[in-house]
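Let me begin by handing over the structure; questions about it come next.
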């Protein structure tokens, strides 16, 4: 691999942001998804509707939130609703186009583990848990998953399914009662995977610049399926990179402010 | 009967208002119950909490509302909530001390009909229907019923139970899953009836001035049980009558305002 | 979201045979939209509403309605809805099928519809005969306690129609005061028409206001006075006199028809309706 | 409703072995109340909260907690909650039983608790392993469509504790900004303690604000800064630096204990806590 003048996280964020569209209703989590969705809003998709599970709908934060309930999210929202409403009238009702998820582990059917490594009742590593993910995975019309790729995160056998992808195959997902189409795009730091339309098995469909199929296979804990025609994903454009870096700079600036205790 | 210097509706309203207490949380309907509850608020129970099903909680209307969702109710409420919340967090959760109900018909177990006279599917008279009553009857800690007494309204055999009193007896009420204690006071234009603690059968326990037991029996469609010691309910006090008449006068004045069309 | 005239909005979104929810609990009742539906002669509608009120009495009397889901069908503070009673008791101008619930059940069923759930549950209808005449009231058991609860199907209208204070240019909608079940009815619906008193550049609403974002709304139509004879908090009062007059107007079939002819059919739009009422009063 | 000091409110209403909900979604987390519970040494608590956050990490690390009902147990934007992990993985300082759900299920279960329903339903946990490890996640069938839905028991804490912007003298409470599940958690509880930034004569809140009337509140305690290191919209910011520092403070058992000793146990009250933090920063 050559050394480009952008980081893998930047490429990953930009690739994800390109998959959003204007008017897309997007249920966003903190971190890379939030960066990607806000980058889309600041570039090609100004009409994207961002929903954070704190009850902030149609929010337009000036910097990236550190927590999912930052004041800036509330201040710039089209409307604020209570949390029970977010998960019922908005998510469960099928109003979300894209649900953005991360995870500690993913398997070949796009199932996600954010609960525990090892036995649930005596875990080796206790992870934070489900949060909103099981229902985002079920109800968003499609889910996008952002996850750095390694054999530790892309695992052959998962200890615990917190949130379902295709379970065992697309039919299993339908039978389990999921309404949305499931994980349609997995954006890693190496490229993009998409499910096989029949089996639901994740298949490598796009590569970032300087990444080879072998690089991705080496970072995957199962024998990775590769699409016949692989997209070579263009590197960050100047505007994309500039906008993203400005966003991160504004964010760092805002979060660096000296601690001011109340009273 | 002699002719007192107050009407039967006034006596009935005042008798009902005396049964309220300071701090009582009262789910109120339009008409006589609203007049009684507001009279209590303006006399001996200034801390009464009035809830109207329009979502107006802790309201202190300056005049009697003509509709259950009058602007005055909203304007003077401690808080406004959506209607689904009124019936869940407030009524169903058991937060209401007294639910006030009226009806077209009542039977000896305090069951109420507000649905239809005759066969439900081919009614002789179609009444307005249930409204909030079935759940008020079930969940308020107790219900007070205000109804002018006549053989047409106090019936031996009812065509339709819209809202349950004791159904067939207090045990039947418990078995049906009602949480509240049911109709504890039936305030008519002749006196007050209360349920027998065992059977739930409504029993005459109080008489207004100038009314005899025979008067009440004649106005009841079943052989009326009469308590061993009958309370002779005092006539309206001066302050009660004055406050009630002022309230009605203010109400009439407010509702008489010339129609002002928008635009 | 499109800004349309009310005529356009009804023409585009409301079709014969559909299920409509036109909500507003005493406050903000969308009368102008109902009148436009009468003008455009829609038929075979299933109407849902907690309190049919005069708005549905008019649609029923004009024969637009084949079925109604409701919980309290009176003229508030006055008495009966005569057109509803005539339809139920005498099948005039056509029979009407009833799916009759309670307020709590209606509200819960709108919530279920807005929530993507197939049914709503409530501790309801305890000891009531309603479940015996309405197969849409069933029961379930709590899987933890065994407690028996009532269940009703979710309400999912084809079109939800509400009246609100304001919309902004983008189509975000603000409701104030008593908001009833309007948010639920709108969000349970496939298409949402909102008539508003005014359209402004920015809503400029306090935090935690009741707002429907533009992207859940199909069409916004500016119809000043669109809730008359209901009211708009802070804008105009409820026309209590009209509610009382309606008792006489609607008692008689011919009188009712004549009133609709004069005030609805012969007035081209809501401004015409208000003008004619104003000329008379 | 009584106006009490926080010390009095915790002493009077919070007992060993009870079930507590201390809610606030990122915003308005009632930290001062949790610190007072630590000071008063409560034990065997069942805690419920969507996001345990630092507030429950502290209570867990001090051994106050025997059981927790929750849906996401991380340090938001930072990483793990080390005291929670230590309790789950190593049973230090005592084992902790988990009743683990999802956000949607927690929120629905608070609603059920506030609504007097024994359980909540949701189209949830589709294909998830959580129902296989949590017997409190069951399923029911829609009596109309046959659709399978998840069910969880209602949450009904003995005491609900929240932090809010303002109370008035009568004890009516106003929340602004992100209100999370606080209203539900409070109304699901048998007793409700509210800490507030200030007590005023009149709330003077806009119509349709989020208000808890005084008669659903057991005690109001004025505790300025009571949400620190969480925030109060329009009053003070989230102390993001503290959330980051907590990662190091809490990683080590002794370091954690020392911090609690210095900043919570050795400070008599929340003013003392803020003063000590301020002296250091």
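The letters A, B, C and D name the chains in turn, as written, and every chain counts its residues from 1.
Here is the rule we use: a contact is a pair of C-beta atoms (placed from the backbone, for glycine too) under 8 Å apart; a residue touches a chain by one contact, two chains touch by 3 or more.
Keep in mind the model is a prediction, meaning the values are calculated, not measured.
Q: Which pair wins on C-beta contacts, B-D or B-C?
A: B-C
Q: With chain centres defined as mean CA positions, report which chain is farthest from subunit B.
A: Between subunit B and the rest, the longest centre separation is with A.
Q: Averaged over CA atoms, how far is the centre of subunit C from the centre of subunit D? Could you give it in whole Å?
A: That pair's centroid distance is 40 Å.
Q: Using CA atom averages as chain centres, what separation in Å is found between subunit B and subunit C?
A: Here subunit B and subunit C have centroids separated by 28 Å.
Q: In angstrom, rounded to a whole number, how far apart do the mean CA points of subunit A and subunit B lie?
A: 57
Q: For subunit A, which residues are shared contacts with two or more other chains?
A: Within subunit A, the residues that touch at least two other chains are 74, 80, 88, 92, 139, 179.
Q: Of all residues in subunit D, which are in touch with two or more distinct other chains?
A: As it turns out, subunit D has residues touching two or more other chains at 111, 116-117, 122-123, 147, 177, 179, 183-184, 207-210, 233.
Q: Could you please write down every pair of chains that are in touch?
A: Chains touch in the following pairs: A-C, A-D, B-C, B-D, C-D.
Q: Note which residues of subunit B are touching subunit D in the complex, please.
A: Result: residues 23, 25, 49, 57-58, 74, 78-80, 88-89, 92-95, 139, 179 of subunit B touch subunit D.
Q: For subunit B, which residues are in contact with subunit C within the complex?
A: Against subunit C, subunit B makes touches at 30-31, 53-56, 66-71, 73-75, 80, 82-84, 86-88, 91-92, 111, 115, 120-121, 123-126, 128-135, 137-139, 160-164, 167, 172-173, 176-179, 255, 257, 259-263.
Q: Quick check on the complex: what are the subunit D residues that touch subunit A?
A: Those in contact with subunit A are residues 25-27, 50-51, 70-74, 76-77, 80-81, 84-85, 88-89, 100-104, 107-108, 110-111, 122-130, 133, 147-148, 177-181, 183-184, 210, 224-225, 228, 231-243, 271, 274, 277-278, 281.
Q: Could you list, by residue number, the parts of subunit C that touch subunit A in their complex?
A: 111, 114-117, 172, 183-184, 187, 207-209, 211-216
Q: What residues on subunit C touch subunit D, complex-wise?
A: Residues 116-119, 121-123, 136, 138-140, 142-145, 147, 149, 151, 153, 176-177, 179, 206-210, 233 of subunit C touch subunit D in their complex.
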